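Just so it is clear, A, B and C label the chains in written order, and each chain counts residues from 1 on its own.
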Amino acid sequence: MADSLDLVNRDPNSLNDHLKVQFEDVFGEPEGARSIDCVWKLSYTCFNCWLGLCYKLATLFYGICIAAEWGCEFAMIAFYHIWYITPMLRVCEINCAVFKKLMETCMGCCLTPCCEACGGFFIYFKK
Amino acid sequence: MADSLDLVNRDPNSLNDHLKVQFEDVFGEPEGARSIDCVWKLSYTCFNCWLGLCYKLATLFYGICIAAEWGCEFAMIAFYHIWYITPMLRVCEINCAVFKKLMETCMGCCLTPCCEACGGFFIYFKK
Amino acid sequence: MADSLDLVNRDPNSLNDHLKVQFEDVFGEPEGARSIDCVWKLSYTCFNCWLGLCYKLATLFYGICIAAEWGCEFAMIAFYHIWYITPMLRVCEINCAVFKKLMETCMGCCLTPCCEACGGFFIYFKK
């Protein structure tokens, strides 16, 4: 079932591109303020270690359950949308189409003549 | 009766294209935050299993009844629209057409001369 | 792990470009106000020494711990965003897509006919 899963590029739809959590995205020393090389290196290593460790542990403990929960949630959402909301929207559209025709007829006989008469104001713009 | 039903493409009119409920549409890990491979794979499998299971069960229990209900509903809607509303709209349109002519005549003799006279304001815009 | 770390350009993403803390960014004597040469030189040396010393000591004592803390923090942020917020946003998007369709239908039947009727005001602009 997991055959089609791409393990390298895990965000093909760029859902979480705003999450910039790499060391270079968080820390940066400008000219003039330089820590000792080994301190900078160790900070880099520590940051990455703890980031990886915490994230991996959190996903290990909760990730699979959360994915299962979202699976149920989205199944319900899909069910309601497909079997209730979309048909209801179709009913709504059908009624609105009739109402639109009625509105167009009423507007066409009440408002359009007035507006076109007032349009005479711009008679010299005629080409 | 079900010969003409396409079992592969079940949304030929793109009614529910907004329903993006696949794993890649919901989850995505950016660079820097990577869970263990097997956790990601298991999440994918769990998500798809629960999504499929819940949706299949819901449609199994309710789908057929709901489809039958909507069948009745749309039959009633079609009946009212074809036998009442559309002929009534025609009556309305016929009456409105007369009223429109009357309005155009009245406006043409009352409002249009005023507006065209005022339109003299823009006489030098004439091309 | 620290292989890909660039020790020369430590701010590839220009995060802290606003931090202008070099001597020339802070001090400058215009024409007419000139201190003795050796005083200016000594000021320069002192400024740089103390800047370097204080910054290096602070990063030596706290830098690595702080980096580790931020690692944990960003891991948690990434976790919540990837596993909670992004799927929730997807749910929100799905519901909004439906609401958009509904709005479009309503506007199409209520507002469009009115606006098109009022458009008769510009009848003489027709080409």
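Some observations on this one:
Here, contacts are C-beta pairs under 8 Å (C-beta built on N, C-alpha and C of every residue); 3 or more make two chains touch, one makes a residue touch a chain.
None of these values were measured; they are calculated from a predicted model.
Rotation relating subunit A to subunit C, from a C-alpha superposition: 30°, rounded in steps of 5. Here the chain at the heart of the structure, going by C-alpha means, is A. Residue contact pairs shared with A-B exceed half only for one pair among B-C or A-C, and that pair is A-C.
Spacing of subunit A relative to subunit C, judged by their CA centroids, is 20 angstrom. One finds 39 Å separating the Cα centroids of subunit B and subunit C.
Along subunit C, residues 75, 78-79, 82-83, 86-87, 90, 94, 98 each make contact with two or more other chains.
The touching residues of subunit A, when paired with subunit B in their complex, are 1-2, 5, 7, 10-17, 19-22, 25, 51-52, 55-56, 59-60, 63-72, 74-79, 81-84, 86-87, 90-91, 94, 98, 101-102, 105-106, 108-110, 112-114, 116-125, 127.
Taken in their complex, subunit B has these residues touching subunit A: 15-16, 19, 21, 23-37, 39-55, 58-59, 62-63, 66-67, 70, 73-74, 77, 81, 85-86, 89, 92-93, 96-97, 99-100, 103-104, 107-108, 110-113, 115-116, 118-123, 125-127.
Across the interface of their complex, subunit B is touched by residues 75, 78-79, 82-83, 86-87, 90, 93-94, 97-98 of subunit C. Those residues of subunit B lying in contact with subunit C across their complex are 18-21, 25-30, 32-33.
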